[in-house]
Structures are given as structure tokens and as C-alpha cells.
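In what comes next, subunit A is part of two complexes: it sits with subunit B in the first one and with subunit C in the second one.
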Partner chain A sequence: MKIALNITKTIQDLLLGFMPEGTASILAMVIIALIYLAIFSVAGLMLVLVERKVAAWFQLRIGPNRVGPWGLLQTMADALKLVSKELTGTVKADMFLYNLAPYFVIVSSLMALAVFPFTQEFQAFDINIGIFFLIAISSIGVIGILLGGYASNNKFALIGAMRSGVQTISYELSVGLSLLTMILITGSLQLSEIVEVQKNGWLIVQGHIPAVIAFMIYMIAGTAETNRAPFDMVEAESELGAGFHTEYSGMKFAYFFLAEFINMFIIAAVAATVFFGGWLSPFGITDSIPWLGVFWFLGKTFALVFLMMWFRWTFPRLRVDQLLTLEWKYLLPLNLLNIVLMALIVWLGLTIQL
Partner chain B sequence: MGSEAIIVFLLAGIVLVAGANFLSNLISHKSDNPQKREPYESGMTTIGPTWVQFKVGYYLFAILFLIFDVEVAFLIPWAVVFKDVGAVAFIEILVFLVILGLGLLYAWKKGALKWE
Partner chain C sequence: MDTNSANSNLKSEDYFINMGPQHPATHGVLRLLLTIDGEIIKKVEPDLGYIHRSIEKMCERDSYQQIVHLTDRMDYLSSHINNEAVCLTVENALELEVPERVKVIRTIIGELTRIASHCLWWGVMGMDVGALTTYFYGFRDREMINDIFEETCGARLTMNYNIPGGLMFDIHPNFVKRTKDFVAHFKTKIPEYDKLLTNNVIFQKRMKGVGILSKEDAISFGASGPVARGSGYSCDVRKYHSYSALDKVTFNEALKSDGDSLARYEVRIQEMWESLSIIEQLIDNIPEGEHKIATNAVIKLPKGEFYQKVETARGELGVFIHSTGTKNPYRLKFRSPGFSNLSLLNHIAVGGKIGDLVASMATLDLVIPDIDR
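== the complex of A and B ==
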């Protein structure tokens, strides 16, 4: 069985059959944008449902089970409800910045989604500086949060936004440095090439000890960067109401909520691609059927998403000073040492090649 | 898709937000009164302005972040070519990281990483 997976080329060839070249390429772009918007919203809605179900299982509850079979349509109903709510806010807000903030968070997470190789050739944008692009794009999201919190003219929102700012920029360093550790092995920033390198064994196996350390640092820092529990002082309900989106209602609130879950997906997807071989199957068992790569990629990603949800129900929330101590006094020096260790291993050729 | 993908995805994001806002404005039920437009503070009336001078500790961490983020930007090209260059690259980066480590140590001893 063979399904054409190079979406850009397939769509363009199909359209070229019955229209001029210029129109065809523009229409192809629109179709790809629509496909990714669909992936974006379906993934977001599904992750919200998964989060609620997992939370329920951890607490021996059933979770949402009324709308649709096993409650599968629950988040769809929630989204419909949020669309039909009035977009209200405070009159004191700085209206221009207040309305601008959701654009930043949505655009940054949508653009990050574009560079992932879901499987061989199923990739909208195979940029040659993929990892660098991801690090850069993910730091734009925090601008949206800071803008939203500041422009709301609400004390809870401002405190939440400032906490988010200091937390996200601090942990961004660890995310960047731990991914950098793995780049030492691959020698390339392009995501499709990073997956290609892992045909000789996933990077977490190839890099053994420093790779495992880098993975652990990456998961801690990734959880903190997406402002999830146990690092969620940004929206600590008991202290700050809803944190930086206290003044946002209806659909505008939904953007922040959606972007938060998509960011979680992105963090897990980067980890799956860089450490666990992306769409490659374990030991190449399904190499003959290329489209199964989507299954492996999503499987690895959701396993890591589940890990992040597990963190949430295992660890109590940290204080802001404990959080900064963890990053600046433990993770950052450890990360610098880890880079030297990895460089030594790559230099002496001690990586494990299967 | 080539680098035009950046523009396409930027526009897609803007269309998503603007479109959903428009749809929401179209179908939502609207009502208004002065209390509804007050800033939310758990039922209390807000006292004093919100846009005040904020705790300086946050900005201190922002400055430290700037130094180390530039460091990451410097390290990325090094990491890409490391395999081909070998020993020279290793010794050079050791010097680079030791200087940066001393910088972190200095900030640590000066109490810049303390939160009070």
C-alpha cells in the first residue's frame, strides 16, 4: 500500500491539472493552511479532553461522560459555548494591546507546528534551521502573555504575567541548552535530518548518559516553559484568580487556553523528534509502510504528554523563589557541564551506533 | 513548501483569531452595565493604579537571561560544526564556558539570584 505523503507536492500536482500555475500554488497554500488549522484545533480540543480524563483517572473519577460516547464531544460543546459568549472585558484596559495579545500566542504556536515532520515528507516547512526556529518562535508566545497581563489593567493579571515572564525566559535557557546538547551528535538543525540520523538508533540511545540527563532537564524545563503544574504560579487559582487571562472572556480566553495545550503538544513533539526518533518505528519494524510514521510520531508525543500530565498530579506547586533557584543554581550549571560531557563523548567517538 | 510558509502560517493564525472573534461577536448575546466593566478582583473595588513600578528582581533576571540567551545563540553554530572541527572546537568552547561559568558564579555570589 502506498499513499503519497508529500502533501505540498501532491496537492499542487492535483490542482495543476485544471488551472494555471499561479492560482494553483496559491490555492495549494490555502489548503495546507486549512489542514494545519484543522490539526491545530483538533489537537487542542483533544488534549483538553485527554487532560480532563487523565485528571479523572488519577483521582478515581470517571471524568466527562455525558456529551457523545465516553464524553468524546465534551470539549467540542465547550468550544461552541465559548463562541456564543459575549466578548466582555474591563473598560480600563489598554484596548489595542488587550486585543493584540491573543494573536501573539496563537500565531506563535501555529507556526511552531509547521516545522514538525509528522512522517517522512508530511511536513509543511522543512526549514534548515528547524531547532533554532522552534526555540525562537516559542519565545514569542511569552510576549502575548506579558501583553495580555499588562494591558488588562488588573492586579492579578499583572502579577501573573510578570511571573510568567520571568519563568518562561529562565527556563527557555535550559530548553535551548539541552536541545543543543543533542545537536552535537546530529550536526544539523534540520528536523528531517535529525530524524534521518536516528536510523542508527534513537538519540537517547546514541548519546547514552548525557542524552538521558539532557532529556530529564528538557522535560522539567519544558513543563515550566508551558506554565503547567507544578510550575503554574502564573495562574495559581488560590492566589491570582485566573492569572494573566483574568480579564479575558469567551473566545478570547479560549485562545490562551488552546495555545497552552498546543504548546504542551509542541514541547512533547520536539522531545519525541529529537530524543525518540520522531516517526521512526522501534527497530524499523514498520519501515515498509511509510504512512505508519504518523502513528509512531503521535504515539511517542502522546506518551510524553501523558508524562507531563502525570507530573501535574504528582508534585505540589513550587514557590517563585524555589522555581528560580531550581533553574539558575541547579539546571543551568548542570546543563553547561552536560554540554562539555557530550562534546567529549562525540569528540572521542564514544556514541553508541546500533 | 518553501520559506513562504512563514507568511502563510502567520496569515492563517491571524485569520483564525480574527474570524473567531467576528463569529463570536455575531452570535453572542450582549448586555451591559457599569459593574460588569469593572476590573475583576474577587468582588472588591480596585484601590489605586495597577500600572506601578514593579519589583526590580524580575528585571534582574531578564538581564541575566539576555547574557545566557546570547550564549545559546553563539553555541548553536559551534554545535553544528563540532563533529568536523574536533579538538580545536572542544578547547575553545571549554574556555568560552569557563568564562561564562565565572560570570554566573559572580552573579550568584553578588546575590543576584536571591529572591527576597
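== the complex of A and C ==
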């Protein structure tokens, strides 16, 4: 069991030069946490801006263009506004759960971010059950949504929470199983290992037909996981007002909001890592400059993020029973068949090795 | 609840939700009292009156010229057609024959209004089923119509272009050209609408077989307009009681027999094509002549009861005037399409999901000030 703490280790080694080991490791952890918090907030704010710009393209609008050049500072201004806003709530809300809920959501997405190999070197924790960890952590988020809807003493929020429970639990299966399909090729759950295997060709190429099916299932289920259109049952603006976060304001709302965008990033990043080779460049064109990996990783991730935005701004919303029909009657059986197919292909050695 | 009888010692209550008066799906100040069982609608009870301005009572106070201006504020999306309804009633009562030019211009602008209203409905329809982009596409095309209106009569929404006896002004010199431009533009855009929303598989699934209204029910609920025609009930006032220049044009009444939300949707899309064809038939030969004929400064209708109905974008709008020979009506009653169409909401929504309710309600194309008046 090799647990490599890539950048954590680098920083720790650096600090060891002038302080005792205990202090150094604690300080290293703190520094890493701060770096990831910074990444988290910058990525969140940037994704909000990108979403607004992309939406504007789709909708014959210009989008934010007043604050800063091309509206680059718009989301900063929005964040400042949200920080300074009063926190309102309902009178008979269960205050403890009500206040706790946003933290579940934000912490789960923040923790998930920690295991991604941005490049070969830049990864906070390279745990050997990386994929499993991601799936497990991301399902904590739904607790926050359930609690938020349940505790805020609002009927619309309660319906939103109910839908969220139904939806996330269903689609978690598809996310897990479609990733499991790909694990059959790599034989490892460790994210760095998964990327390593793809030096012989991205997994979507190696696994060809079942991999493409798995990718499609993953993208559908992943979009549903993040509660975005066409699966935005949980918020369903025209049906439930704002769904589970109706009664949240200020920073508590911002936590839900940011977490949604970070979750989108995470879903896209997992897809980029597992299906499209993570930080590996296509045909190894920039292998000699390892730090360029971060651009490939982010490039692939953003292409997938764009795909998810494309879904959101063109598709109507499904109805809640259609959502469950899609999962339990179509995606899940297809997924199970796909795993068998992939197992056969791996067993017979029919994978494509470049 | 259904489980009530089985576990009689367990108490259960109905789950009520208040949808509205401030809710994104009710498009105005409609309040729906929903009784739901989980996601399933058990009862829908519309609660009206949030935007009641007693327009009918105010009409009894006003002169006939002034009444026209009040009708803008009922169904504001077909304001021109509302104005026309009152003007036609007054003109019929006075037995005034308005010039041909007036009739043709009224019809063209009426059909433009219908397209503008359907554009807005289409955008909002998409938004109600979760496709936010449609809103902007619908508004882009509606904007062109509004610009035409603005140039001709100065207003974009509440137009007041009709007066008893004709039109307030003559059309702007650019009117014909801009209308033609719009027709050419919009012909390329309706297929785009179909591509974006109509043919989307999710949309089809959401609409097909949802909110079914049979022809018999449509008739007995007094439904009119696209709602009734989606159920196969041929009731186009423009066909059966044609007014203004509508007898000079040929057009098909959009009819579907399925009675579900998709049928009502398709009827409206079809109506946009028909309106375009009506405009095309009239726009090239607007007769020369006066844009109004002189009426008395104080219009006094003869004693009696007068009724005129027109087809607004939402259905049949009837104007009933009881006159005692004075300068004000003794009683003026509007038969608004939205009110009857709303009355069948409970009928089509019960048993469906919350999402179905929103989608069905969008296909009824409700304008709340039209219902409340």
C-alpha cells in the first residue's frame, strides 16, 4: 500500500530543513489546505463566470461585461455581496441542522478536490482507493441537501430535498458502475495509477465500445449527480421556486451555489482523468515538459464542463418519474451489461494498446 | 390519503402547498392551492383576485373612447385585439362602416399581435419545462414586432391604436417594409423553434399524453382558442364569425385532436404559420383611403344590447354592452378566454406530477390580468 503525498511531501521536505518533524508535517498540511481552498474558491468563481458567459452565448446575450475587463471581476463582486448579506431564515427552522447543512455540501466537494492529480507532481493525497474515495465523499453532499431542505421549514424546500434524495441515490449507482467498468482495465483504484496506465492510450480508446458507453452513462449520471439541468429536479425553478435552498441567504446560499459548480468541475475532472488520460498530453507531445500537464488536465476538464453547460442551456427538464425510469430501467441494466462486456474484452485481451 | 382506511388509527393530513401568488410558474399573481400526495397532484384550486382592478365597473363610468384604453390592461399580450373587440362592438351598435383600409390594417396588426403573443408564450413555455434558452429566442422575434408597433403607434405593449371609427393614426411609411422583413425573418425562425424545443426528446416526453382534455370537456368547460382546438374542437372566431378583413383571406384553422399538452403546443406553433400567411395575403394590398371616419365627440349608443366576439391569442374574447342610450354603458361584460381556460386546470392536472401541472398550465397560456380584470 503506497500512499504518496506528492506536494504535501515536497513542502514537508522543504520545511524539515528548519523545524522539527511534527511541526513541519502539521504546517505542511495547513499550507496544502490553504492552497486547495484558494484553488477551490478561484475555480468556483471562475466557473460561475464561465457559466454565465456560455449561457449568454447560447441565449443571444453578452453576459457580464461591466465589472472589470469582459466582466472578469463580476463574480468577485457577487461574492463580496453575498459575504456582506444578512443571513435570513425561517422562524421555526431546526436551527442546528439548518446551519449545518451548507457545510456538508461544501466540505464534500472540497475534500473530493484533494485527490485529483493535476499533474504528476501536483496532488495532495494519492490514496490507493482514489476513485472509491471520490464516490464516497461526493455522496456526503446529498446529506447536506437533504438536511437543508428538511430543516428549513418550507414545503417547497422539503419537496426539493425529497427529490434530491431520490435522484442522487439512484444516479450514484450509475456513476459508480460506469467508473467500475473502467477500473476493469486499469486494475487499480489509485488515480495516479489510472493515469499511468493511460500512457498506452486513453482509456476511452483502450476500452473502445464499452468505454464509450460507460462514458456516456457517466456523463448522464454525473450531470444528474450535480443536480444540473436537465436533471435539476432539486431546484426546478419553475416548479419549486428555488428548491432546497429557498430559505438560505448570504454565504450559506453561496456555499450551496459554489458547491454546485465545484461538483460540476469534479465530475468533469473525474471523466477527464478516467476516460481521457488526465494530465497526459495527446500522443505524448509535451511529455518532456511535465508541468504542462496541468494545462492538459484543465483543458480536458473544461471541455467536459462546457459539454455539461451545453446540456443545461438547451435541454428541458425531465419529470421526476421519468428521471427514475431512465436510471432504473435503462441506465442500470445497460451498465451491468456493459461491465460484463468490458470484463470479456479485458479477459480476451481485446483492448486497444497504442 | 389512500392508506387512511387500512391504518385507521394513524392520522394523516393532506399536504397543502401554496403555489403563488409569487411563484415563477404562475406568471403573474395567480395563486394555486395544491393538495399533493408526494409528487402527485390531488387537487388544484385557483385563487383569484390578486390583480382585480374592477375594469368592468370602471367601464360603466367611462365614455366609449375611454373604455378602449382600459381593455389594454386585461390581456396585455393581445392588447390590439382587445381594443378591436370594443371598437367593433361600438361600431356595430352605431352601424358605422369603417373604411377598408382600417379593416386591413386592424387585421394585420391583430395577426402580428398574435404572433408576438405566441412568441412570448413559446419562450415562457420552454422556461416552464426547464429549457431557459427559449425565452431569449422568443423575445428576440417578439422584439421585431414591438419595434414595428412602436414606429406606427408609439407604444410597444398597450397600444391603444384602435378607436371607435378607425385608427388613431395612419400607419408609418416604414410599416409595410418592416412587416415584410419580419415575415421573411420569422419564416426562418419557426423551424429553429422546432429544432430547439419541439423535437427535443425530453420535451416530447414531458408533453405527450400529459394534461389530456377531451373534446366534450373542452366544450363543457367553455374552453376556446388553442386550448379547445388542441382537443379537436373547431372554434376559431376568425373562421365562424369573421370580422375586419378576415373574410378576405384564406387560412386554415389549426386543429389537433389529441387533447394533450403537445397538441395545444403544436396548435400554437401552427397558428404562427397561419398568421404569417394572413399577413402575407394582406400586406401587399392595403387599400388607400382614410384611416378613420369621424364620430361624434360624445358617442351615445342606441338603447339595446350588443355583443361582439373576437379571437385573441388566447381564445374567444366577447364584449357585451347593455346600453340605455347614454354616453356610458349601463353594464359592460367581458367574456375573457383565460378565465374559462383556467377553470379546466384542475380537470387536467389531477393525477399528474407537479412538473406536469406546470407544463399543462404553460400550455393554457394564462395571462392573469385577463382572468381577474
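Here are a few things to note about the model shown:
Operating definition for what follows: the second predicted complex is superposed on the first by the 348 of 354 C-alpha atoms of A that agree within 3 Å, B and C clash if a C-alpha of one lies under 4 Å from a C-alpha of the other, contacts with A are read in each partner's own complex, and residues count from 1 in each chain.
To be clear about the criterion, a residue touches a chain if its C-beta (ideal position, glycine included) is under 8 Å from a C-beta of that chain, and two chains touch if they have at least 3 such contacts.
Bear in mind the structure is a predicted one, so any value in this text is a computation, not a measurement.
In the superposed model, A:232 makes contact with subunit C only, not with subunit B. In the superposition on chain A, contact is made by A:241 with both subunit B and subunit C. In the overlay built on the shared chain, the residue A:70 is in contact with neither subunit B nor subunit C. Using the contact criterion defined above for the overlaid structures, shared-chain residue A:58 touches subunit C, although it does not reach subunit B. Contact with both subunit B and subunit C is seen for A:321 once the two complexes are overlaid on the shared chain. More residues of subunit A are in touch with B than with the other of subunit B and subunit C. Legend: residue contacts after superposition of the two complexes on their common chain; A:111 is shown touching subunit B, with no touch to subunit C.
In the superposed model, A:311 makes contact with neither subunit B nor subunit C. Legend: residue contacts after superposition of the two complexes on their common chain; A:156 is shown touching both subunit B and subunit C.
For the contact definition in use here, the residues of subunit A common to its subunit B contact set and its subunit C contact set are 155-156, 162, 241, 320-321.
Only residues 1, 3-6, 8-14, 16-17, 20-21, 23-25, 27-31, 36-42, 46, 50-51, 54-55, 58, 61-62, 64-65, 68-69, 72, 75-76, 79-84, 86-87, 89-90, 93-94, 97, 100-101, 104, 108, 113, 115-116 of subunit B touch subunit A when the two sit together in their complex. Of all residues in subunit C, those touching subunit A in their complex are 15-17, 23-25, 38-39, 126-133, 135-137, 140, 196-197, 200, 202-203, 205-206, 353-356, 358.
Touching subunit C in their complex are the following residues of subunit A: 55, 58-61, 155-156, 159, 162-163, 229-230, 232, 236-241, 313-322. Every residue of subunit A that touches subunit B in the complex is listed here, in rising order: 8, 29, 32-34, 36-37, 40, 82-92, 102-103, 106-107, 110-111, 114, 124-125, 127, 131-132, 135, 150, 152-156, 158, 162, 165-166, 169-170, 172-173, 176-177, 180, 183-184, 187-189, 241, 246-247, 250-252, 254-255, 320-321, 324-325, 328-329, 332-333, 336, 339-340, 343-344, 346-347.
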